[in-house]
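In the two complexes that follow, chain A is the common piece, with chain B as its partner first and chain C second.
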Partner chain A sequence: MTLRQSMAGLHTWGGLLPSWLLFVIIFAGTLACFDKELERWMRPALHTPAATAMTATDVGNWVQANVQAPLHAYWLHGPTEREPYWRLGWEEDESGTRGRVAFDLRTGRPMPETVGGEFFFTLHYNLQAGTAGMYIVGLAGMFMLVALVSGIIVHRRIFKDFFTLRPQANGQRAWLDAHNLFGVIGLPFHLILAYTGVAVFVASYMPAGAMVAYGGDPLAFYEEVQGGYHRNELNQPPGQFAPLETLLTDARERWDGAEIGWIIVEHPSDASAVVSVRRFDPSRIGSPQDALSYDAFTGELLHQQQAPAGYRAYIWLVGLHMAQFGGHIVRLLYGLLGLAGCAMLIAGTGVWLRKREGRQIRGIEIVRALNGAVFFGMPIASLALLWANRLLPDTLAERGAAEAWCFSLAWLAVAVFAYLSRRQPLGLSRRLSALLAILALGLPLLNGLTTPEGHLLASLARGDLMLAGIDAVLLLVGSLCAWYSLRSPQTKKPAREDTRPAARQQELAP
Partner chain B sequence: MILFAFALAYLAMLALCLAMARHHRAVFNTAPTPRRQRWLRATASGLLLGAALLNTASSGLAIGLVIALTQLMFAGVTVGLTLAWRQRWVVPLGALLGVIGMLSAISGG
Partner chain C sequence: MTILASSRLANLAGRISAALFGGYALAYGFTAFFSVYLPLPRPDRVVTASLLCFAVWVAAVIYAFAARSALAAWLLIAVLATLLLLGAYLPVEWRTRP
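And then the complex of A and B:
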């Protein structure tokens, strides 16, 4: 067995089995490129710009007044260009319960709850399933690396077929061309993003070395690696807090007027409380790691983070993955190449299916059902989430959770439908495309009815291209899906009628 | 500037593509002569270098190279997809992108 033959099996099965999981991860990651734009879309109070008198102290007072349980920490972030509002998050000391609130700058009060664009970001890195999800995503990422490298080995004509796409060819040929086109041209992107994606949580995936070297104490490892600072609790009542504003002014002076990012207050109900201030600088690939830590009561500067070179290299890799640098153009290109990654996965399962269509093996129906359930289910569920965001009343308790339920139930419904229609793949994809078209085209209309300042005409008139862009993309996607579901069905020769010699057939093997 | 750089990346990918006999035949009905192949490949390298320089000049070395590389990949996918479904448009699209890119570069975009 040659290397290429042995890699072919690995690529086929190591690629097929995680491909639906990878589609969810990559599609969510593509949407997460625009998480902050989606967040603003999902919060109508942010549709028009507002000046603010709200300060860090106001946000700090709010958390002290509204959260009764003693806090382990709370963290806040001021308005930025992409996120024009105050954000607050906290973790309770004993239960570890976390909360988050976004403030309307006009009223200074919390905005109606929503999962926001962050939903897709969390879905991307842990499938909304906490630590277990993070490990599953890591495993999927490693499988993606295996599939990419084995794919390079099994591809016979990587340069000769670089631009080749023959949509009119027989089924398997066309799908293989598409799989190769999106995979090979986007290969540097897929490789780098899969690698850096796995690298983000490398300390959790491969903890053994650090656990041995640091006596089983991961916190000691992180503190030393990051050059960070931590003050142990004294178990004494806190004193009088220094105003946050003076600390921020001091930080700005030390950084020559740089913007302030996250402000973290650790154990605020203890005498050991520390305020850490981080710099916000989206002009570099790796965000600067030079946080300032102050005593929360005296305002004395306790520590200035000096990240070791190794950690800065790690942060650079993470930054390359997260695409928070270089403005909208970088996120747009990452988003487009992310879609190329999704297309590569869809075409890959297409090759697998077409190759086996002639033989009636049982796996075919499972793959078809999974294709319908995931490749259509995930986008339809995402649109259902946006619909729920506009339709659920603002006053609803647990509004964010209700949105997430709409996402899950819509997906479940599509999955059941896909399973029931697994024997009519063409009808299935046409019906689900039609549903996708209705949801995508209806959303800008619904947006026009429910948000006076957020619909396409208003945002275009304001020159607010980021907000208008979301509706425009929805219209484009909706029109494409409508075209696909309405066009007359094509009759294509099934692969088994292929009469070419066996030698040529062999060449088609992925 | 970014649009102009993208136009250069598209034209570079187009030149590389047309230097291949199969695609040259599809667009111009004849196979390219070896001389023409060399000329197309040399042009493509020049355009690639130009795109990278434009991006690094406008966004700095590190971010400029990230933009140049992602742009190049997207340009390649665009050439491939255009060639598959709208073969006749692949060259005019290059000219159109070039003109738009140049106009936006002149107007300081």
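And then the complex of A and C:
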């Protein structure tokens, strides 16, 4: 077997098997480029700008007054351009329970709970499945790297084929052209994002360095490599806290007026409490990990973080992945290239299917069912989440969890439907497109009915392009899906369509 | 026919395991080795070697499928990984220098 033949086998199977998982990761990551914009969309109180009198001390007082259990730490972040509200998170000492709250700047009270845009970010890096999910995503990232490299080796005429698209050619050829086009357009981006993506959790995925050079003590490694600061607990009651504002003023002076990012208060109910202030610099690819640590009571500066060069290189690579630099234009490009990645995966499974059509292979139906369940399921579930965000009452307890349930159940319903109609791929994709169109086109309308300041007319009139952009994208996607589901109806209608009672019951759209 | 099919299957399983486990072992050995021998301060040695390890794993996967046989793939990957690990763990005092 030649190199190209063996790589073709590797690319086909090593690409097909993780492609649905990769689609979920890449699609969620594409949405997560705009997590902060989605978060604002999902919190109607943030639709119009508000001046605030709320301070770090107010937020600190809120957590001391409202969380009874002793805290291991709490952390807060002031309003920024993209996130115009105070954010607070905490971890309880014994149970390790975590909480998070976002404050309405007008009232100083917590806003109605929502999973927010962060839902997609978490889905992207651990599939909402904790540590196990993080390792699964890492392995998927390795598969992606291998598929990209083997794809380059397989691809004989990478330059010439880039300018070749034959949509009218036979099925397999057209899908292959599309797969090549989206793969090559995004190639440098996909290589870098896959590599920096697995690099984010390098310390978990590859602990060899800490094991050998730090004598098997990963904590010593983290401490030295981050140059951070830690003070052990004294088990004595805390004193009188210095006002947080004094510390923030001091930090700003030391950094020549730089912006303040996260403020972290460690073991606040102990005499050893430390306040760490992080710098926030969205002009850098990796926001510098400068932190100042203060004694929480005297306000004395205890430590100034100086990360070694290696760690700064790591932060730079992570920053390249996170796309928090360069403003909206960078996020927009990341979003478009992320979509190119999704299209590459869809076209890739299309090539696999067309190559095997006509042969009686059991795998074909499985691949078709998975295609419907994932390529349609994930976007439909994401829209269901946004619908739930607008429809669930503000006062609902565990509102965020209810939103996540709507996401999961919508996906489950699509998956069941896709499985039942796996023998009618054309009808399946047409129906699910129609559903997608209804959900996407309906959402801006629902938004208009439920939020007086958040709908397209209001946000456009304010010049609030980021908020308007979400509704505009929904309208665009909805129109495309509607066009797809309505165009040249019934040209290739499979003979057996709708003969099965189960398929009729599951009918979701005309 | 069945012997041929089962030997093909064994060959494939050998390549897949060489790619997954052998590849990870090689990347692990690479990271450990260069965490010790790079002429840099300790945190930088570890971070540099760790960040490069995924490229090594990818190369090992490609080799596992490009090699003449599963055995050949396993042989080179295992020997390299063993040498790197030995090199990393033998200098007991020196490997934890700051």
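Keep this in mind: the second predicted complex is superposed on the first by the 482 of 510 C-alpha atoms of A that agree within 3 Å, B and C clash if a C-alpha of one lies under 4 Å from a C-alpha of the other, contacts with A are read in each partner's own complex, and residues count from 1 in each chain.
Heads up, the rule we're going with is that contacts are C-beta pairs under 8 Å (C-beta built on N, C-alpha and C of every residue); 3 or more make two chains touch, one makes a residue touch a chain.
Nothing here was measured: the structure is a model prediction, and the numbers come from that model.
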item	value
Chain A as common anchor, with chain B and chain C clashing or fitting	fit
Chain B versus chain C as contact partner of A:9, first or second or both or neither	second
Touched partner set for A:392, first chain B, second chain C, both or neither	neither
Touched partner set for A:224, first chain B, second chain C, both or neither	second
Touching partner for A:302 - first (chain B), second (chain C), both, neither	neither
Dominant toucher of chain A (residue count), chain B or chain C	C
Which superposed partner A:164 touches (first chain B, second chain C, both, neither)	first
Chain B versus chain C as contact partner of A:466, first or second or both or neither	neither
Which of chain B and chain C A:149 touches, first, second, both or neither	second
Contacts of A:434 with chain B and chain C, given as first, second, both or neither	neither
Partner chain(s) touched by A:317 [first = chain B, second = chain C, both, neither]	second
Shortest CA-CA distance in Å separating chain B from chain C in the superposed model	20
Residues of chain A that lie at the interface with chain B and also at the interface with chain C	none
Residues on chain A engaged by chain C in the complex (per definition of touch)	3, 6-7, 9-10, 142, 145-146, 149-150, 153, 195, 198-199, 202-203, 206, 208-215, 221, 224-225, 308-311, 313-314, 317
Touching residues on chain B, where the partner in the complex is chain A	2, 13, 16-17, 20, 22-23, 59, 62-63, 66-67, 69-71, 73-74, 76-77, 79-81, 83-85
Sites on chain C touched by chain A in the complex	19, 27-29, 31-32, 35-36, 40-51, 53-55, 57-58, 61-62, 65-66, 88-89, 95-96
Complex interface listing, chain A residues touching chain B	160, 162-167, 181-182, 185-186, 188-189, 283-285, 320, 325-326, 329-330, 333-334, 336-337, 340
